[in-house]
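The same subunit A turns up in both complexes below, where it pairs with subunit B and then with subunit C.
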Partner chain A sequence: MPKLIIDDIPVEVPPGTSVLEAARSVGITIPHFCYHPALAIAAACRLCAVKLLDGPVKGIQMSCSLPAQDGMVVSTTDPDALKMRSLVIEWLMLNHPHDCPVCDEGGECLLQDFTIAGGHSRRRYVGKKRTFQNQYLGERIHHEMNRCIECYRCVRFYQEYAGGTDFGVTGSAGRVYFGRFAEGALESPFSGNLVDICPTGVFTDKTGRFRARYWDYEFAPAVCQHCSVGCNTSPQNFQRELIKIVARRNDQVNGWFICDRGRFDKEYLNSPQRPRDPEIGGAPGEYRLALEAAANRISEFCLQNGAASLAFVGSGRLSLEGCLVLAELARVVGAPFCYFTESAAAQGSLAAVRLLNEQNAARVRDIEKAECIALFELDLMEEGAMLSLAIRKASLAGAQVFRVGGAREGEKHPLPFRYQEVATVDEVPFEGGSKGVVICGAGGKSPELLSYLASSGAKLVMLQPGPNAFGAALVSLERKGATLSDLVESGQIKAVVCFEADLPPWLLERVEVLACADWKRGGLTEKASVLLPTTTWVESNGTSINYEGRAQRFLRSRPAGLPLKGLDPKYYSSETEAVALHPPRVHRNYIPGGAEREAWRVMADLMLELGGEPVNEPLTGRWGKLRDLDPEGEGVRIYDLVSAQDLS
Partner chain B sequence: MDLPLFRHNRRDRSVAFKEYRSEGGFEALKRAITGMTPAEVQQTVIDSGLRGRGGAGFPTGKKWSFVPRDLPGPRWIICNCDEMEPGTYKDRVLLEHNPYSLIEGMTLACYALGVRHGFIFIRKGYEQAAENLARAIDEAKKEGFLGERILGSEHSIDIDLHLSAGRYICGEETALINALEGKRPNPRQKPPFPAVKGLWAGPTVVNNVETLANIPGIVVRGAAWFKGLSMNPEGAGSKLFCVSGSVKDRACVELPIGIPLADIIDGPCGGMRLGKRFKACIPGGASTQFLTAEHLKVPMDYDPVAKAGSRLGSGGIIVFDQDHCLVEATLNLITFFARESCGWCTPCREGLPYVKEILARIEAGYGKEDDIDILREHIKYLNYSFCALAPGAMAPLDGLLRHFEDEVREHIVKKKCPLKK
Partner chain C sequence: MPILTDIKEILTGLSITFSHIWRKPVTVQFPEEQRPMPPRFRGSIVLTRDPDGAERCVACYLCSGACPVDCISMAAAEGENGRRYAAWFRINFSRCILCGMCAEACPTLAIQMSPEMFRCKRQVMDMVYEKEDLLIDGTGKDPEYNYYRHAGIGVVQPRGSSPGEQEPADPRSLLP
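This part shows the complex of A and B:
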């Protein structure tokens, strides 16, 4: 372990650590642009210069590419190093357009910060600035090449890290250009990370530009709810509108990055079509009245048909809290409950949860360090795109990747790594399996098939059909949940009460929907006699469990309610007079459209209505340990809380 | 005088294979293959004191010795013929007259280091030289000096010619390796040095044309003979000097290393042109400091020139006379370097255009007193760039401010170039 001294602070770091990282470990940030922890060292920007006063090397050195060695005495504040760093900033500023006021990066710009920090405030260069033509890079990313400081982060991420081929660097000397060969939308499904990784405003998020500055945003740690990988994100809200989603680091899940679906698929959260007010028989009503109406319908139905002909339906979209309270609600009424609507899908999810344990459930590290990986009959880029980057890392390090069963129908993106096609999983040479990983989708697979895959001895990734389908399957096993299609086909069930559930049309036809709570509209909300709006993950606190059994907490990042932008004039003109005033002069003591509640709270309120006990804390019993889960931590794997075997 | 490199040269054409052969060509290879182990060849090169002729002057035998002996997998030798340093044209003259010494030298190097496959990385503009080399490779193969089972031995060696797209940065060995791999010619981080991890991650030696062309002579006549060629007790061998500028006869000549600068100018070059006085010269290509009239007696060898504050470099001497404006000359060189920066690191990509802009202003009469300080900052801090291009580019500027600061100040004070009418 090399021991060195940085600015009079003794530091001991593992061998191979750079001086920059060693300094970081004791809280010293050495300015840098091209250095990024997830990318290979470039040593191109030369901003991280420090002076070595004593030791095996001396003089000015680039701390990002200098391995820490015994006996080094490093000064980050030596006048020589300061001069070098201020010159680097001056050089980068020769051509930078200084257009911060009209740049969407302003306020969250590394170049801005280090320019101010470096003390470069007077322009000495009197020559012309170089200018470039920008490119159209699609509807999501805006290109502004004049701002470029040539740190090569974008191209290193796009090509080396994400395996993209349609974006790169051209030109040389002062004409280095980062773009595509010809204009056009970026093809990589990870292109949005260019926005995060660019230290200045070359790449900005076109879907949310010029709406607010960094300091205006409401942030909170969130977990992406698009697939079962559970990437960590930070939604950036402004006036109850989700403007942007950026990646949040979690080395156990997504590293530094997220996929484009997780970043850009966000329109549904701000959608004016979202149910905002409770509806009774299609007419808007107050929450309290809608709740009573729902309770009355349930009671009446149970009196006439018996509680056993009613089912409470949830889904893998519910948080763990929602899943647990749903079971409780069903118990109070005495009715069955389910999280899965069709038995084929249910079998796979439940079997996967039964099969996985602390030893065989692959972590992201296991994938990255694997020597042999088999992709079994899945569209990885659709079901868990971020895992493809972990596989790419393994592949670049020499792992063999096999694809069993060929490409799926309708695949949109090529896999960003080399692989061989094989017909059956038996052809994959796992050889003992300790460094092997099998990746498959759990939904729709038979339990026998999944057990067979598990018998290879390789570590397992079984992607679930919903962001918290793992959690739903666990609760289903623990509390003895049913599957809706089984109940309906046996003729037992006549009516359902749904919480964030998705029913296929054939099932929907055969049941009455007494009440439905959801944040999106669909066949169910159309058919429901009472509709109770719920909040999405942006407006909710909750816990979800990803494909590997990792429980992660997400927090509310904005209050429930309609976004201020595009707010219906009825909310800011007087209710009695037809005159719309500008600026709005009508004051209210509630948030327009703010009647949504988290699904578990709706369930708890309904339970109270139906004569149950109040629920203040949904995580009880064995789940109580998850209450103080750190939303900014790495999450915890649930296998020591609950082993799936003792649930079955 | 013995001229190992140019002794096969014909006046106006390339030497033919038969002629080269009859004058003792390929004897060195024959002797090595039949009577010397690879280690003996390498030891002879170490003993000869041959230093890299590309510009840095690193001892060739020492460079070879960095290649790990026992590493499995292929290893490579690359001949660097990306000669693009302004003022340097020795490799072109050598190859246009005689491609065989290089082929023989390179084959010997491959033999010494256990290399199966060598590459000649040649600049696009050198069409005649490339044609000669292609012909020489074919002929050598036909005669059994190259290819499968050389001269009936169990050694097989191939040499391929790679005609590059041509950038100055490709002369930097790691950038050259990247270019040869089909990547952008950005230099690589060192360490690992190419001798350990170079082309396709294998151990790689990159040598200059002139360096490799010296090897047949060393092998056939021995290290002591090679050392004896020098006029300088510490030096070894002969050196190609290519002279341009204000001399009567601009020529590429082979001379003993260590010959005084004045003897090159007054000897083979026939002195200065009529009415011109020697003002300064760049001794070894554009990336070396100016030498002035006080340095005319300096022996042209690596260490003495370094002691005089410059570098022997590639031996490309550019001579300036009393009517040349050295601000303009430096501006011209910096313009070249600014254009040829690969664009990888900030100091080189942004600093060189900055310097160029300042020099252009001074030359045009718009210079400011502060400009000299800014130039000095660049001379110091451009040393901390990624590769040697930017520090090399600062060498003439450093020389300018060291020896001709008065001339620069005159530009600023008079608000015009004092040498222009």
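This part shows the complex of A and C:
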């Protein structure tokens, strides 16, 4: 363990740590552009200069590429180092255009920060600035090459980390150019990370182009709700509209990055079609009245048909809080409840939850350090794209990757690593199994098949069919949930009350929908006699459990309500005002279209109407330990809270 | 003699008083009459246009960020040719303290403090000015400045033709 002194602070770090990281470990930030903890060292920007006063090397050195060694005495504030850094900044700014006011990076730009910090305010160089033509890189990423400072972060990420092949660096000397060979959309499903990783504004998010500034964003720690990986994100909202989603670091889940689906697939959150007002028989009404109508319909139905012919339906889209309160609501009414609509999908999910435990559930670290990885019949880029980067890391370190069952139908993206095709999982040479990982999708797999995969002795990744399907399956086991298709086929169920559920058309035809609470429209909301709008993950606090059983908390990042942009004319004072572009000049003490509530609160309110106890804290019993889960932390694996073996 | 000195002092004072009585008064009947204010007076706020007649404001949010009383709000949008502009721009003058921080922060000289006094209103909502109310048909101070001519992003002229810029480089060339 090398011991060194940085700015008079003694530091001891593991061997191989750079001086920059060593300084960071004691709270000293050395300015840098090209260094990124997830990427290879380039030492291209020369900004992280420090002066070594004593030790094995002396003088000005680049701290990102200098491993900490015993006896080093480092000064980050030495006048020579400061002078060097301010000159580097001035030199990086030689060609930088004067366009910060119209640059979307402005306000969150490392180059801005370090230019101010380096004290550079007047251009001394009298030569001309070099310019470039930009490229069209698709509808998601805007390219502005004049702003480039040649730190090589983009190309190191795109080619080395994400395995993309259609983006690189060309040119020489002062004409180094980062782009594609020919204009066109970037092919990698991780291309959106260029926006996060660029220290200045070369790559900016076109979907949020020219909309807002960093200091005006409302944001909070969130968990991506697209697949069961549960990547950590930070949604950035402005005037009740989601402008951008950026990655948030969690080394146990997604590292520094997220996939493009998690970043760009966000239109549904701002959609004007989202149900915003409660509806009773298709007509908008007040929340209180809609709740009473739903409760009346449920009581009447139970009187006529008996509570057992009504089912409360949730899904893997519900947060853990929603799953728990749904079970409670069903208990108050005396009706069955389910989180899974079709028995094939349910069996797989439940079996996966039963099979996984603290020992065999693979962490991302286990995938990265695996020696042998088997991908079993799944479209990884669709079901859990971020895992492919962990597999790529393992593959580059020498792991063998096998694909069992070949490519799935409709795969959009090639896998970003080398693999061998094999016909059955028996051909995969797990040696001893300690460093092997099997990756499969749990939904729709038979329990026998899953336990056979588990018997290989390798660690397991069983991707769930929904962002919180793991949590739903756990609660289903704990509270004895049913499956809707079984209930309907046995003829027991005549009506359903749905909370953020998705029913396939054949099931929807066979049941009456008494009430439905959801944040998106579909066949279910159309058929429901009472519709109660709920909030999406952006407007809710909640907990979701990812494929490996890691519970993560997400927080509300904006209040519920219609985005200010494109607000319906009915919220304006007059029709003449409505055609004006500005927001209404009307004072009101509520947010237009802000009647949505979190699904579990809707359930709790409904429960109160039906004569149940009020619910103030949805996480009760063994789940109570998750109440103080840190949303900024790494999340906790739930295996010591609840063991699926006791549940079944 | 002290009494004579006292009389002299009193008369000196009264002579000043009387000279002022017969002077033309400096008071003007505001708002019917208005005095011309010095050019750097911080009166009401206007949005100016560049010498080519286009809006100078690029909706960069620096004025609203700098405003100590949060009286400026806006929404940026993208116009034709990649021009950034304010879809709407609102100043709540009932909250504004006319401190001039917005004009100081403005990188495009769009928002300026005009020397004209801000008028009182009877309705608070009448003091909430929209972009239509703020935008004037002139350059205000600094009549020559057009931000986009210096920005180097090719909005009012082809890329690489702003003053102090080279022609766009050819990234395919490996010549020195």
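Criterion: the second predicted complex is superposed on the first by the 638 of 648 C-alpha atoms of A that agree within 3 Å, B and C clash if a C-alpha of one lies under 4 Å from a C-alpha of the other, contacts with A are read in each partner's own complex, and residues count from 1 in each chain.
By our rule, contacts are C-beta pairs under 8 Å (C-beta built on N, C-alpha and C of every residue); 3 or more make two chains touch, one makes a residue touch a chain.
What you are looking at is a predicted structure, and each value in this text was computed from that prediction instead of being measured.
Q: May I ask you to decide whether A:60 touches subunit B, subunit C, both, or neither, giving the answer as first, second, both or neither?
A: In the superposition, A:60 touches subunit B alone.
Q: Is A:165 touching the first partner subunit B, the second partner subunit C, both, or neither of them?
A: neither
Q: Taking the superposition as given, does A:91 touch the first partner, subunit B, the second, subunit C, both, or neither?
A: first
Q: What is the contact status of A:150 with respect to subunit B (first) and subunit C (second): first, second, both, or neither?
A: After superposition on chain A, A:150 lies in contact with subunit B alone.
Q: With the two complexes superposed on chain A, say which partner A:41 touches: subunit B (first), subunit C (second), both, or neither.
A: first
Q: Could you look at A:99 and tell me whether it touches subunit B, subunit C, both or neither (first, second, both, neither)?
A: second
Q: Is A:83 contacted by the first partner subunit B, the second partner subunit C, both or neither?
A: It touches subunit B, and subunit C stays clear.
Q: Based on the superposed arrangement, let me know which partner A:173 touches: subunit B (first), subunit C (second), both, or neither?
A: A:173 sits against subunit B and subunit C alike.
Q: With both complexes superposed on chain A, which partner does A:271 reach: first (subunit B), second (subunit C), both or neither?
A: In the superposed model, A:271 contacts neither subunit B nor subunit C.
Q: Could you give the residue numbers on subunit A that contact subunit B in one complex and subunit C in the other?
A: 171-176
Q: Which of the residues in subunit B come into contact with subunit A in the complex?
A: These residues of subunit B touch subunit A: 167, 169, 184, 189, 338-347, 349-354, 357, 361, 370, 374, 377, 381, 384-386.
Q: Mind pulling up the subunit A residues that touch subunit C in the complex?
A: 97-102, 106-107, 128-134, 144, 146, 170-177, 179, 209-213, 215-216, 239, 564-565, 580-583, 585
Q: Across the complex, what residues on subunit A touch subunit B?
A: 41-47, 49, 60, 62, 65, 83-84, 87-88, 91-92, 94-95, 124-127, 149-150, 152, 169, 171-176
Q: Please name which positions on subunit C make contact with subunit A in the complex.
A: So the residues of subunit C touching subunit A come out as 58-62, 64-65, 75-78, 84, 87-88, 90, 107-108, 125, 128, 130-132, 147, 150-153, 159-160, 164-174, 176.
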